[in-house]
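Next, two complexes with chain A in common: one pairs it with chain B, the other with chain C.
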Partner chain A sequence: MLFTSYNFILFLLALFIIYYIIPQKYQWLLLLVASFFFYSCSGWDNVAYITVTITATYFTAVKIGQLHRQQELYLKENKGSLSKEEKKAYKDKVKSKQKKYLLLCLFFDLGVLAVVKYTNFAISNINSVSKIFNAGELSFLDIALPMGISFYTFQSVGYLVDVYRGKYAPEKNIGKFALFVSFFPQLIQGPISRFDDLGYQLYSGHSFDFRNVSFGIQRILWGFFKKLVIADRILPAVKTITQNPDTYQGIYVLIGMVFYAIQLYADFTGGIDITIGIAEVLGIKLKENFERPFFSKSTAEYWRRWHISMGTWFRDYVFYPVSVSNAMLKISKFSREKFGENTGKRVPVYLSTIIVWFATGIWHGASWNFIVWGLLNCLVIIVSQELEPFYVWFHNRFNVRDKFMFKLFQVGRTFLLMSAIRILDCYRNVRVTFRMYGSMVTKWNIGELFNGALLKLGIDKADYFVLLFGIIIMIVISLAQRNGSIREKLSARPDVIRYAAYVGLFISIIVFGAYGVGYDRNQFIYNQF
Partner chain B sequence: MEALLRILEDLHPEVDFETNKSLIDDKILDSFDIITLIAEISEEYDVKIPVDEIVPENFNSAEALYNLIQRLKDEE
Partner chain C sequence: MVTWKKAVKLAVVALFTIALLVFLQNLLMPKYMTEILEGALISEYYLEEFKEHDVIFIGDCEVYENFSPIVLWKEYGITSFIRGSAQQLIWQSYYLLEETLKYEKPKVVVFNVLSMKYDRPQKESYNRMALDGMPLSVPKLKSIKASMLDDEKFITYLFPILRYHSRWSELSAEDFKYLFKKRKVTHNGYLMRVDVKPVTTIPKEKKLANYQFSDICYGYLDKMTELCKENGIELVLIKAPTIYPHWYDEWDKQMEDYARKNDLLYINFLKYTDEIGIDFQTDTYDAGLHLNLSGAEKLSGYFGKILQEKFNLPDRRNNKKLNMIWAAKEDLYVSEMEKQYAELEEFGYLKAFNSRRNED
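Then we have the complex of A and B:
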């Protein structure tokens, strides 16, 4: 059931009505039933996968929590009689037990993800190698990727690690825990929530609040606007350019990059707007996943503002543990001794960064495109870090840091750089993508911009006008958001202006949304990850 | 405390670490800085900061970080 389908709208309407009619203590149960119903619409095998992950994670977390409590009790009972060394030995023993449970469950949860997501990628690589030696080929497995598995697996893993770290006690009720993992608005494309942010909100009752409902519906409409008016309308042009690399080279590659940047932004942020809006109607506040990323002045800043929940997940559960592991501290010591203080201290940081970006790349998809995408992002971040002394010298020498034009240059540079790397999502393979990068230098066809060729990319003049209108609105809203919430500001305006804005937005979606006869509603891009 | 201040000032000479109490909240220290800090602290104080102690409260000020080091040393 797509977010943009009529069935989904009906499902939401029914849910909202029942949610506020039933007693508050049953609201979480309704959300659980609704989430599993929503998920079952994509196939019962998907339900089986998520149930297995929920069950394994729930019981492991409970076991780890029991060990935490046993430890507390034991230390309390023997407070006076244990020496410092005995206490430490006991704690180490408990930690080691907990670690075994943790690793077992991580191996299981991530193993399921690995099997369904990466087996065929591994087979295709093995076949490529065996072809060189004229050996036989392995046949591919017939496994469909369960919807949202990358998101719910990460959310479960985050919960389990937090329980292991003693950040909070495990949830005792398996139904409530199942709701945390399967909460339908965020199931298919995130954000990847943390239990201490979302859990208690899901389980506590919510009374009807007109402001929440009104703000939530506005946010949903804004999401539909971005998805249907902008993302789906520009999609044919992106497809035409990137699926016909022999025809569309040079300036078209640049156009493809910019168009795909717009499409992905409108698609992903639109989807997240719908998700956050639905939760808001239900009285639940999800964390923001974007903070106007295209206004970033560097790659590192961009990644702090784009898909924030994924970035912080990798930071907390991969980057930090890898960086402070005993192995990495040994590498740090070794590299300081071998390469000197300055170079040596950078080795472990960069090594951890490479690991994280490799993982981020492959999390997005089982293909070399995504691995190269991750490593290119990593390369840009490391090069920027290495160039830091040059930047300091440059700013001291020219004093342009606070000049508007320089900031604009930084924003434009970051946008183009990120767009160039991101286009790896679209081309058939890495080789084609790099050939297209090359064509931007070797093929000078800038005249194509002015000879009407842009109208043959699958979108016509009317589409361009609609896109221009949509993009201008999107930029204006982003600029205005820097000074606070638009919905807050709108709610303070007179009724006439307020309702004119709501109706205008609604009519825009109906009139300018990319559907009609034969329209094939498009899945959100991040559903595939 | 002096050694810790020296390590911090090496990372960001422009920051006054004796007074600043919001190093994480104000995004002065990023994840790269934190990892570099942990490696340097491990060298200087011979204490390992475990991953579950990497929370803003422990890194928001030099004083908080120093207290963390002392606590971890005491627990050893």
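Then we have the complex of A and C:
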């Protein structure tokens, strides 16, 4: 069930009404039923996958939690009789047991993800190698990627690791835990929530709050506007350019990059707006996943502001554990001895960064273009890090740090750099992408911008006007957001202005949205990850 | 907490939004006033003040192009209306009839049986022409349900703005001119064409794997027969005299059998073209698919006699009120005819039916 389908809107309306009619103590149960109903619309085999992950994670977390409690009880009961060493030995023993459970479940959860998502990628690579040696080929598995598996697996893993770390006690009620993993608005494209942020909110009752509902609906509408008026309208041009690399080279590659940046931003943030808006109507506050990333002045800043929940997930559950792992500590020690303190201390950080970005890349998709995409991001971040002293010198020497034009240059540079790397998503082929990069230098066809060729990319003059209108609104809102919530500000305005804005937004979606006959029904881009 | 004041404000905003949507829907829906006139046919019935007809025609283009209610009136005093639309499917005809019976009880219903050959929806644009013009009613909802193609959405028939929203970029003067009030493009459902395109070759009929009409179509024909019987209406099955699409003997036999079994009158006019006087060199505007005005008038004159004799339909020309109404209709009919002849003379073709040529 697509977020932008009529069925989904009907489903939401019914859910919202029933949610506030039934007793609050049953609201979580309704959300669980709704979430599984939503998920079942994509196929019962998908329900089986998520159920398996939920069950494995739930029981493992309960077991790890029991061990925590046993340890607490044991230490409490034997407070006076145990020596410091005995306490440590006991704790180590418990930790070791917990670790075994943790690793077993991680192996299982991530194993399911790996099998369904990466098996065919692995087979394809094995076949490529065996082709060189004229060996036989393995046949591909006929497995469909379960909807949202990357998101719910990560959410489950985060929960399990947090329970292992003793951050919070495991949820006792399997139904409630199932709701945390399967909560439908965030199931297919995130954000990847943490149990201590979301769990309590899901399980506690919510009474009807006009402000929450009103703000939630506004957020949903804004999401639909971005998705239907901007992302889906610009999509044909992106497809035309990137699916015909032999025809569209040179300046078209740059256009493709910029158009895809706009499409992805509007698509992904639009989807997240809908997700957060739905939760808000239900009285649940999800964490923000974006913070105006296209205003970032560096790649590192961009990644702190884009898909925040994914970035923080990798930071907390991959980067930190890898950085402080025994192997990395050994590498750190070794490199400090070999290369000196200054260089040596960077080696483990950069190694961890490379691992994180490799994982981020492959998480996005089982193909080399995503891996290269991840590693290119990593490269830019590391090079920026290494050039930091030069930047500091440059900023001081020319006194540009606070100059508006220089900030604008930094924002533009980061936008173009990120757009250039991101286009790997579209070409889906590393070699083709690099050939297209090359064509930007070798094929000088800037005249195409002025000879009407842009009107032959699958969007016409009217589409460009709508896009311009939509993008200007998006930019103005993003600029205004720097000084606080737009919805708060709007709610303080006179009724006429306020309601005109709401009605205008709604009507714009209805009239200018790219949906229905003549438009392909487009799934949100991040649903495929 | 929602206060009364807030509730009133919300209600006002909701009403304003609905009004705006209705306005935009009217603006964005195709008007079918200067091109693709077929799209305007279904809704014209509801503009009729006097909905008391002796005969109601239902069916596809073979009714609205081939029969002239004005001739039926002029020659026999029979009042009639054609509720036809392009490629009207049998279930659309049935539900349209069901809906029509809420307004009036005709003495005779004439159904063109060509649509027996379709047992599934064909094209969205034809569905739209058959359904968008109907006001909301149970038969309309049933007809939508039966007509939708796989990729169509029910809700877009209830709120057509969801279907036509993207027309904002192609709005023309016609959309504004006919925003609130449309003109009539037919003469009691008859879509007049005076141009001529003689038959030169007759396409050879294709052999079919199966000539049996489907159970779905028979099901609706049964329902139609039953509905007419319940309401004391005579149902007449006809096959209009058009050369193409081919009407197979096997199909004809099935209709004859059905009519016999259900005690209905079935007339295949293809068998009487000489008797009617149809000359496919002068009486068709598209080489035999449809009749032009000349052909339609001949056919109507012929059929009127049958209707009057078989069903004892009264000659209403003595009714003063009706006379006035139909005189006005006749004036419009003549004026349209003169306009079309003048247009033909000036351009060599009829503008409303040659949109592509106009674009050139």
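Keep in mind that, in the parts below, the second predicted complex is superposed on the first by the 526 of 529 C-alpha atoms of A that agree within 3 Å, B and C clash if a C-alpha of one lies under 4 Å from a C-alpha of the other, contacts with A are read in each partner's own complex, and residues count from 1 in each chain.
Everything that follows uses one rule, which is that a residue touches a chain if its C-beta (ideal position, glycine included) is under 8 Å from a C-beta of that chain, and two chains touch if they have at least 3 such contacts.
On a predicted model such as this, the values are computed, not experimentally measured, just so you know.
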Touch test for A:510: chain B only (first), chain C only (second), both, or neither? second
Does chain B (first) or chain C (second) touch A:495, or do both, or does neither? second
Applying the touch criterion given at the start, work out whether A:332 contacts chain B, chain C, both or neither, answering first, second, both or neither. first
Answer with first, second, both or neither: which of chain B and chain C does A:210 touch in the superposed model? second
Partner chain(s) touched by A:305 [first = chain B, second = chain C, both, neither]: neither
Contacts for A:176 in the overlay, against chain B (first) and chain C (second): which applies, first, second, both or neither? neither
If I apply the document's touch criterion, which positions on chain A are contacted by chain B in one structure and by chain C in the other? none
Flag every residue of chain A that touches chain B in the complex, lowest number first. 88, 165-167, 300, 315-316, 319-321, 323-324, 326, 329, 332-333, 336, 345, 348-349, 352-353, 385
Can you check the complex and tell me which residues of chain B touch chain A? 30-32, 34-36, 38-40, 42-43, 48-52, 54, 75-76
Touch list for chain A against partner chain C, complex: 6, 210, 460, 462-463, 495, 499, 502-503, 506-507, 510-519
Touching residues (chain side chain C, partner chain A) in the complex: 1-2, 6, 9, 13, 16-17, 20-21, 24, 28, 124, 151, 153, 155-156, 161-163, 165-166, 168-169
